Structures are given as structure tokens and as C-alpha cells.
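Letters A, B and C mark the chains as written, and numbering starts fresh at 1 in each.
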């Protein structure tokens, strides 16, 4: 579920870059304080290990297909959340740069989706508390499965939110969710199985490796962890609901009508729409592409000439829609120029 | 999802070879190339969803990097194709959900959905190409050193360098294990979970053992916990020219639909 | 020249899990010679070597480099005097390019850039690898890697060179080059190896370790030629000596 740049708006991409960069800086600072100096080569080599492990597949019981390790959870088990997050981020960076797996603008999103949830939520709040009661095989398997599934579900849900917020894909929120979550449930199970298998082996061969995870400053237990978990769930759900509401004000009204038993909700619909518009207005750093889709289309249809209305894309007032015939012709000519340039720049002979 | 076949590893080696060539482009400061590439990607992604023709001029940037960096075009093309399925899978829904005709080409009505689909795929090609070209004309070391100067935490820069360095070594070990497995199982069959746990577990323990030996070697040469990265020299005029020139181009291409203007010139007055 | 003396006195060592590796090892190596440390696998050779640059601290007994006893506070200084080359080059070439690996030691010592450059280039020249300075390590042949690992240590300008299985995985030409290189050094050289022919060519003295103890310590030819002794400790008489000194 590495996101490509093509589906991310600069606003979403930029925001998540800032979030992920902040997390990396935080983890780096934390590690500098507590770090054993053999962590430097260990983290590097474990990152390489993750790549190597993805070359080996196992057959998933009861299905015909095979799966492999993603690595977020096992890294957290071996290194603790902070070091694991850095390793995951480094793996994703190399994947983006050298394998075109995930975009550069989307790298912040990917680091967050695939790193934050396993390292800072699934591991400390699910895996570790479950494991604390003892490391029997069944318990370890359940811990790994639940942690992996939850981590990946949250990650998949993030992907949906980020894509919808970018407003480039037309997939409706509900369809997207219905697409992503079941698939990533399966992927989560695979991840849990793979992680449990490796942990089981290491627990037999060299158990001290599993106890070596340094106590992270973020270790919380008991009631506090439950509360934090609930708060995070509330954040996620709240965010989702508000997005859903703003894209489907009708849906929300319908739901409210059902709940309150009122048939006519025209008055309150103004209120909701008004409030949501206000919300949009205040948080206008997000593009409103996804919300004004219908308006946009009208504008495009009207702008048969390049000197059409210039109010599409509020941040660049001079842009015109460019879907006219001259736009197409010009586009083809430009494409031709680009190819010519390519031939001109091509090396005389390939030299490696 | 990554396709982790052995062939891909050879690709990273090739990418690394290309990145160590000596061309004027390679000699430019890594920071400049990274920032310019990011600017290109941001500009491309800032277009509204139905934009197609205005995106075309942006192709000049990755094309220039590829050409001036002496990187084989086929090499990049293959990677772009390999990376496309996920984006395709999401983008293909656009024509499904957005069927209203946006405009006509003669008698054919093109729906908004197909327009935005084309836009997405074009953006995909642009952004992926730009990223690959950046990696291939800069290389991991200079990129890390440059990013560290731009503020990336040193621990992360060190992590990227170590990861990159040991990628080949550990993957080599993994490949050897895989080969031994295949030789003994008669076919390329995915293994059972138990065998998997043992295989990957062994690889893990060997990797950790290796990291201990590396640490030993580092300590033997005076390592005290902090990686020191050698710094690149200051910007030169060529660096500024690259950065400002391309940035100006991106701003212009974003502000005006250049292909439309060209098209107008060619087709006479707007229809 | 007291700093060229390496002395080990009644060295004992046990690993954290309890395995005893060294049971009272004592010897003294004077300036300039080449000493081989031989013995069967598990004899404690590597463990003993790791004390010489302070990576391990003795459980009992002393290690002295020059007149300086090894303690946690003197370890860093001792590492600048005793350069160690390990068995697997990939474990020691951890930087992106050859030059940076060779420069790592001087950089970590805090030397100014010009001095780092000078030392690194000198070290690479010494091992004949100056042309490879910008090569990444995975693009080196086994022999080149080995030479470069030696350069990484030479750049720190040590007085003593300690090497663990230097000729392993080398083809005959690479091995020949290594032997010539080591022969040309003036440093005190302590070499742990299974390559007994190399010992014959290079070393004037042999320390035979077995079971964590010194089983023999004396002139190389004398010990290596002693068939009964060699066989008793899991070794054998080097082939070249059979021809020279038939029994």
C-alpha cells in the first residue's frame, strides 16, 4: 500500500511530510539520549534484512497463495518503537528512490501509514501488553496477529483519508474503504503469521535477542494505555466522520433524519452545510477539489475557449482549463518536442 | 507492493553504477537536484484534476535529467511500468464514477472520468520518472550528505547509508539461502510457515551477528557513537543556474498552459 | 621504543554466558617481528586477539601495549596504536566508498581534513589501491577488499598490526600479493591464521594456542616442524617443510 505521488495533492503530501519529518526528528533525539552505540550498524543491517526477507515467501495455510513479511512489527519487537520507526522510514525511502515503490511527495504519507501505526500503536498498545503475560506460542501468535491486523487496518484507513483529502481520485469514500480494509485485513493476517513464525524461531534459538529491546520512554501500561488508545480511536473516527459528512452532507442529513425521526430537515441542513462550509473556509489550506467536483465540471464545460473563466484552482488565478481542442493540439506538439529533446540528449552508445 | 525478485537487486546495482558516472549533471550539488525535483513534483500535483495538456511541458525535466545524466531510457521505463499497477488500480475507478461528458472531440464525447484518469497516469509517469532520474544522477551517498545539510537528522542519514551499504550483502545472503532451498525442494515452492520462520529467523540472526562484527570493526577504528559525515562544498554558479532556471520554468508552466498557447498559434484563433 | 611491545600476562576470559575461552595466556611480542598465532578452531585465538585492542576487557590478568595497561580509559588510545584487521572484509568496509572507509579512522580521531586526506591516500598507496578510491565496496574483488581493509587500519598509523585470518578467501595471486605486502611492513605483526604456509614464509615466531592456553611458544620452524606437537593440537606439519626437513 505504498502511495504514489499521482494520487496525492501537495497540501496532503506536504502536511504528512511535516508530520513524518517531525516524528523522525523526535525519534532521532530520543535515540541519541539512550542509544547503545552498537545500534547504528544494527539498525542499518536490519533495514537491509527487511529487504532480503521480502524475497522469501511462505504459503498461507488454507489458501493457494503466498505471502511475505512487511517488517514493521518485527522491527518494533527487536528495536523498540523509536529505532524501529527510523528503520521503517529508511526502508521506505530507499524503496521510493530506487524501486519507484511509493512517490517522493507521498513519502511522508507512506512513512506515517506504514511506520507510525505498527511502531507507536500496534506494538506498544497491543503486542507488548499481550506478550507480557508470557511468551507461549499461542499467545505470541495471537499478539502478532492482532497487532499486525490493527496496524495495517489503521494504515489502510490512513491511505483512504489521505487520498480522499487530495481530491484526485474519484473513488467515493465508502467504496474505497470497502476496497482497502478487507484486503488489508488479509495482508495483516499474513503479516501476523510471518512475524509470529520468525519470533517463534528466534525465541527458541536466541531468546535474549527478544528481551534486548530497550525500554522506550513511551512505555505506558494499564489504564493510561487504554485511555490513549480510545482517544486515538476517537480522533480517527472523528476525522473520518467529518470527512464523510463534508463530502456527503446529504448522507449525514439522512442519517440525522433517521435518528431524530424528523422528515423535514431542510432548516437544519442549512445549519449543517453552513457549519461545514465554515469549517472548510477556516481550514482552507486543504484544496476543495473533492467537494466542488460538480462545480468544476460546469466550469470546464463552459470554457470551450482558452479565455474562459479563471476561477478554477483558487491558488493559481491564471490557470485555464485547457481541455479545448487547441489544448489538445498544443499538448501533442509539446509531447513531440519532449521526445525530440530526448533523442537529442541520448548518449551515442550506452556505456555501462 | 514491491516485487522482490532477485532481478530487482541487480537493478539497484545498475542504478548505483549510473549514479557514479561523471557528467556535468552528476557534479551538480545534490541539494539542488533534490529540491528542484521536489518542486517539479509539487507543481505537477498542484494542477486541478482534469488537467492533461498543461502537464506536458513538465516532461522536459525528467527527460533532461535522463539524457544529461546518460541514463538508459529503457531502464527507467521498465521501472515505471513495474511500479504502475497500484496507481492504475485506483485511477481506473475515475472513469467508472465520473461519466459526465466533459468535452467533445469531434463526434466523440470524452467523460470527465477518462480525462482525470489520463491526468493521473500522466502525473504518475512524471513523478516516478523524476524520482528515479534524481536517484540515478545523484546516488545515495551524495543525496544523504545533501539532505543532511538541509536538516535531515544525522541518525537518519547514517541509517540510510548503512542500510544502502548492507543491502547488497544481506540480500546476497538471502538469495543464497533461497537458492539452497530451491535446490532441495525440487521446485520454486513457497515454504510452510515453520520452515519460513526458520529461514528468515536464521537470516535475521546472521544479520544481527554481522552487525556485531561491524560494530567491532567500527570501535577498532575509533567509533564513539556518532557518525561523522563528510560535507559537500558550497554551491557553485552552475547549481544556482540549475535551481533557478528550472524553478522559473515550473512556475511558468504552472501559471500558463503552454501547450494550449502553442496549439492556439498553430490552429489559428480558438474554436 | 617501548610502545612496540605487546604483552599479555596470565590472561583469563569467560564469556557472559559462562563459557571459558582463555585460561591464563601469557606472552610478549617485541618490536618489529611477525608472530603467528595458530591453533585449532575454538582454541581462543580470536578471543585473545580482541583483547589486544581493548574490545574485550580481561576477566583476570593484564594486557599491556607499550607500558600502558589496558583499562577502559586507556582503550581508546590503545586502539590508535594497535590496528586490527578482521576476517570478513564486508564487516569492515561499511562506508559508501573506499576512500571514506580508509578515512573513517582518521576522521573519528578528529584530525583536520587535510591530514585525513594525506593519511588516507598514503594508506591506499601503500597497499596499491589508490586508483580505487571512489569505488563502492561491493564492486571490489576479494583481494581488493582485503587490501583495502588493511589500508583502513594503516591510515591510523598504528605501531602494531593484528590480523585475523588475512589470507582466507583469497585466490593464489591475491594471497601472494598479501604475503608480499605483509612482508614489506615494519610494524609489529600478530597474525592469527590457519594458513600454515603463510606462517612459514612470513613469521619468525609461533604461538600455539589450544583450549585457551599457550601450548607452545617459540621459533616458527621449530614448532611447525614438530609433527607430534602439531597433530596433538589439531594441526599438521606444513607441506613445504616436509620436503625441506624430511623426518
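In this section, a contact is a pair of C-beta atoms (placed from the backbone, for glycine too) under 8 Å apart; a residue touches a chain by one contact, two chains touch by 3 or more.
Since the model is a prediction, treat every value here as computed from it, not as a measurement.
**Q** Whose Cα centre is nearest the centre of all Cα atoms in view?
**A** Answer for the innermost chain: B.
**Q** Looking at C-alpha means, what's the farthest chain from chain A?
**A** With centres defined by C-alpha atoms, farthest from chain A sits C.
**Q** Centroid of chain A to centroid of chain B, CA atoms only: how many Å?
**A** Distance between chain centres, rounded to whole Å: 18 Å.
**Q** Distance-wise, how many Å sit between the C-alpha centres of chain B and chain C, to the nearest whole number?
**A** The computed centroid separation for chain B versus chain C comes out at 43 Å.
**Q** Mind checking the centre-to-centre distance between chain A and chain C? Centres are C-alpha means, answer in whole Å.
**A** Chain centres of chain A and chain C, defined by C-alpha means, are spaced 50 Å apart.
**Q** Listing for chain B: what residues touch at least two other chains?
**A** Answer for chain B, listing residues that touch two or more other chains: 140, 161-162, 164-166, 169, 210, 214, 218-219, 223-224.
**Q** Residues of chain C that touch two or more other chains: which are they?
**A** Answer for chain C, listing residues that touch two or more other chains: 94.
**Q** Hey, what residues on chain A touch two or more of the other chains?
**A** Only 41 qualify.
**Q** Please name which positions on chain C make contact with chain B in the complex.
**A** The touching residues are 50, 53, 55, 76, 79-80, 83-84, 86, 88, 90-92, 94-97, 100, 103-105, 107-109, 134, 136-138, 152-153, 156.
**Q** Give the list of chain B residues in touch with chain C in this complex.
**A** Result: residues 13, 16, 20, 140-141, 161-162, 164-166, 168-169, 210, 213-214, 216-224, 228, 230 of chain B touch chain C.
**Q** Write out the stretch or stretches of chain A touching chain B in their complex.
**A** 1-2, 4-10, 13-14, 24-25, 28-29, 31-32, 35, 37-38, 40-49, 51-59, 61, 66, 68-69, 86-87, 89-91, 93-101, 103-105, 163, 167-172, 175, 193-194, 196-202, 205-206, 209, 289, 293, 296-297, 300-301, 304-307, 312-313, 315-316, 318-335, 337-338, 341-342, 344-347, 350-352
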